[in-house]
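Presented sequentially are two complexes of chain A, the first with chain B as partner and the second with chain C.
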Partner chain A sequence: MKDVAQLARLMQGNEAIVEGALAAGLRFFAGYPITPSTEISELLAERLPLYGGKFIQMEDEMASMAAIIGASLAGLKSLTATSGPGFSLKQENIGFASMAEVPCVVVNVQRHGPSTGMPTAPAQGDVMQARWGTHGDHAIIALCPASVQESYSLTVEAFNLSEKYRVPVILLTDEVIGHMRERVVLPQPGAMKVIDRKKPPTGLEKYYPYQPGEDGVPSVANFCENYRFHVTGLAHDESGFPTTNPEVVEKLINRLNDKIMEHVDDIVLSESWLTKDAEIIIVAYGAVSRSAKKTVKEARAAGLKVGLFRPITIWPFPEKEIAALSRQAHTIIVPEMNLGQLKLEVERVTSGRSKVIGVNKVNGELITPGEILDAIIKL
Partner chain B sequence: MALTSEIMLSGTGGQGLILAGQILADAVIRDGKNTVQTQSYGPEARGGASKAEVIISDGEIDYPKVTQPDILLVMSGEALKKYAGSIDENGTLIIDDTYITDTLPIGTNVFAVPYTRIAKENLGKEMFANVVALGALAAITGIVTKESLQLALMSRIPPGSEALNKKALELGWKSADQAAA
Partner chain C sequence: MQNKVNKYLRSEMLPHIWCPGCGNGIVLGALTRAFGLLDCDQDNTVVVSGIGCSSRASGYLDFSTLHTTHGRALAFATGIKLARPELKVFVIMGDGDSTGIGGNHFIHAARRNIDLTAIIFNNSIYGMTGGQSSPLSPLNSKATTAPQGTLERPFDLPELARAAGATYVARGTTYHANMLTQLIKNGADHKGFSVVEAITACPISYGRRNKMGNGYDMLLWQKEHGIPVERARKLEPSEMEGKFAIGELHKSDAPEFTDIYERFIDEKQINHREAKKA
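Right, the complex of A and B next:
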């Protein structure tokens, strides 16, 4: 085993996503390059064939989302990567993947918007779009890395959750983290747990692809493996064929939601730093959490009891954790590179127990530690 | 408190400042230290303002952007106007004055050398100005070792350009000796 210093290297966030995806077993990528996610496409075009995988540059974002759904149904771990404008275009098919329970991972390296906005500038404006961008009630998982190292590990985690719960998982990163280069030490191959989707037993006389297991997740067979069955975006019964039977459909939509919401303890990741005695808590995610960490250091140096809570999983939202913090802190500060999207969730969960204050910036620049500190001083 | 240095490389898109930032950060890791490199640039392939930021520390680096540079390289008049005032009072200002017509600041820690002209006259291409300037920056400040910088450079340039890049780095290094003398 080589010494850690020798394994350390300079890596970009987007590059770490590629390495994480390959470590998780990625075998199919379809995409349409867009700043600031392009490096993911570029690198996978080179790397994926070496693993026996397929890389396709599609005609647009809608088609790339459709292609990864098809590849995943055929049994391959599949990925696409995009940014705001492309994420909007993928929404319809993200809904299809939710409804048809197709495991897949969508990377959104957030840039300034709306529309084409500022292509090379960071933002966090797609937080609510990640949750509700596609129509209809559905559950989704979204993860927010705050470092290059975490861009790697959360990509592995995104694939694992997607395979386990048969749900599209959004890796919601941002331009700062995606383009940033920093020192990383990648785990040795095999050091991180890799989960593969469960398969149905063979030899069943009658196969119901959408019959859920005890965990609420069905064992949908890979296409061309033992069974012939139907997959649709229409409401369907356990056979996979469309139905309008209200009872069956009610059960289906509830199950799609429950299979995620009943497993929040397994899904939700977060990090608390100096929160134990904190009277003021900063809730920050992605690149902004790094500014917030510096704010906490500066505030502590000035004798203020400030701590940081960092949601790593933002969907499902870490409700229990934030609710507990609101019983302890008189104020919760939510800095975001948007006009206050996750703040709405913090307000909902804290039910008025703490004062919730947003620090918001939408000019394409990262919020500075000083800007968050100013909000604390003004209290 | 961890010992931290903040470095900003600023100029115009196409001058290779972001690549220079990557090479510098890569060398820092080879020296066994911690680093974060970020950048900001416009959507243009060439032109427009461009800068690379590198933070070096022996500890954890949270906020990844430069607040007050200890070392500032400027390669355009616009960058000089925009960033020269932000430098730490004990900081080092390195100016490529090939294309700068503005009055240059003076001081013991100000170095003005025409790196782009050096690149063009000695290597036939202005394209190597970033590596010449990087060599000078490292020699003046001692922020990374020459050995690590050479290895980092060789690992991040297109194949076939090794000899010219190596020469560019040497030219920069030598220019610093002359500037100090």
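Right, the complex of A and C next:
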């Protein structure tokens, strides 16, 4: 066993995503060049073939999303990476992956928007797009790393959740975390748990690919492995074939939602820091949570009882945790590099118990600790 | 023959959803017979389709089948084929599906020369949505979105495929059903991106509006306007006016994409091991 100092490396966030994906068993990547996610593509073009994996630069973002769904159905763990404009283009096929329950991971390194915005500047404007970007009610999981180390571990987690629940998982990072370099200590190979999709039992006389298990998740076989079956984005019954039967469709759409919402305790990750006695709570995620940590330190030094709650999983939203905090804190501050997207969720969950104040910045610059502190001082 | 090919159909899913007089069933029949000629292994073949009338065909075929999103069938199929090159992959699309919303994927699949067999059901119209003009609707033909006739020139699909890099390009019709079977079979035997355009009739949404009669009349129209390529090549352009060549239109040899990638992986791994030793 090498000692930790030897294993420590200086690494960029996007690079850590690549390492995490490979540790999770990634074998297929399809992408299209877009700032600030391109390093992920470039590194995987080099690395994947060494693992016997496949890399392809597709003709556009829609094709990249389609190709990873195809590869995943063929049995390979699949990834694509993009930023806001590309994320918008992928939405239709993200919906397909939700409906057809195809495991896959989509990295969105958020940049300023709308539209082309400022391609090299950070933002957190895709919080709601990650949740509701594709049409129709659907399940989704989105994870938000706040460090390079976490870019690695949450990528592994993203694959695990995707395989376990057969759902597209969004790694919703941002330009600051994606391009920042800091010290990381990668776990030894095999140190992190890796989950593979469950397979159906062999030898079934009649196979229902979309029959859910007790956990609400079906055991869809990989293509050309023991069973022949149909996969469609149309509403379908447990056989996988289209149906318009209202009862069957109602059950399907509810199951797609319930298989995630009934497992929030397994899925939702968060970090609480100095919240125990806090009267003011900052709810911050991604790069902004780093500023918020500094704010807490400064506020504490000034004798203010301030704590930080950091949603790591932002979808499903950590409702229970934030509802509990709203019973102790008179004020919740939500700093975001958008005009208040996650704040809407905080307001919904706190039901007026705490005052909810946003600190918002949409000029392509990271929110500073001082800006959050100012909001506290103004209270 | 019938017994040999019936196994390729999910007979429990029939009857199909297509309208009376629609030619799609004939294309499906030709495809099914081609599977028979190929002695296709159902457990190592994937059929991918897009969205539209034609793309419902995947549901009737007993393989691993994938009914995707509009225009994207080739991109899904590219993922499957690159992930597992040992699988045989067929892609079923319509004219609007493959050359309108999916036009970009079509030319890029051709450019890569990836080993997929694409069958385009060309009925000259968006049928599922009720008869809007497509990029393959003939100039001046009527559609719900072109009530006075289309103002735009159509693509010549085989020319588009060939120019983009497809290495097998053929065109058949539902009248020449046996030829169509053979063209699909030859396309599947060819290593590389194969395109088979199947001219099929949509009497309800296209024929009716363009006064082409019923399904039977439209079959006769195909008989009169489809000229075997050997003969077509000898005719003057003026003699081919309004007509189209059928048969194998283009065939060439070029390296196939997944083969190239597999070799690339091998070389990269060898180089990596040697670099490590050094």
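Rule of thumb we're sticking to: the second predicted complex is superposed on the first by the 379 of 379 C-alpha atoms of A that agree within 3 Å, B and C clash if a C-alpha of one lies under 4 Å from a C-alpha of the other, contacts with A are read in each partner's own complex, and residues count from 1 in each chain.
Simple rule for what comes next: a contact is a pair of C-beta atoms (placed from the backbone, for glycine too) under 8 Å apart; a residue touches a chain by one contact, two chains touch by 3 or more.
What you see is a predicted model; the values in this text were computed from it and never measured.
For the composite obtained by overlaying on chain A, chain B and chain C can both be accommodated side by side without a clash.
Touch counts on chain A: comparing chain C and chain B, the chain ahead is C. In the superposition on chain A, A:Glu182 contacts chain B only, with no contact to chain C. Of the two partner chains placed around the shared chain by superposition, chain C is the only one that A:Val231 touches, whereas chain B remains out of contact.
Angle at the C-alpha centre of chain A formed with the centres of chain B and chain C, after superposition on chain A: 110°, rounded to the nearest 10. In the superposition on chain A, contact of A:Ala278 is made with neither chain B nor chain C. When the two complexes are overlaid on their common chain A, residue A:Ala30 makes contact with chain C while staying clear of chain B. By the document's definition of touching, of the two partners only chain C reaches A:Ala66; chain B does not. Residue contacts after overlaying the shared chain place A:Pro242 against chain C, while chain B stays out of touching range. Once both structures are overlaid on their shared chain A, chain B and chain C have a minimum Cα-Cα separation of 14 Å.
The contact sets of chain A with chain B and with chain C never meet.
Every residue of chain C that touches chain A in the complex is listed here, in rising order: 13, 42-46, 48, 58-59, 62-69, 71-72, 75-80, 82-84, 87, 104-105, 108, 261, 264-265, 268-269, 272. Those residues of chain A that touch chain C in the complex are listed here as 27-28, 30, 49-50, 52, 54, 56, 58-60, 62-64, 66-76, 78, 92-93, 96, 223-224, 228-234, 241-242. Every residue of chain A that touches chain B in the complex is listed here, in rising order: 5, 8-10, 35, 118-121, 176, 179-183, 287, 290-291, 293-294, 297, 366, 368-369. Residues of chain B that touch chain A in their complex: 22, 25-26, 28-29, 32, 34-43, 61-65, 67.
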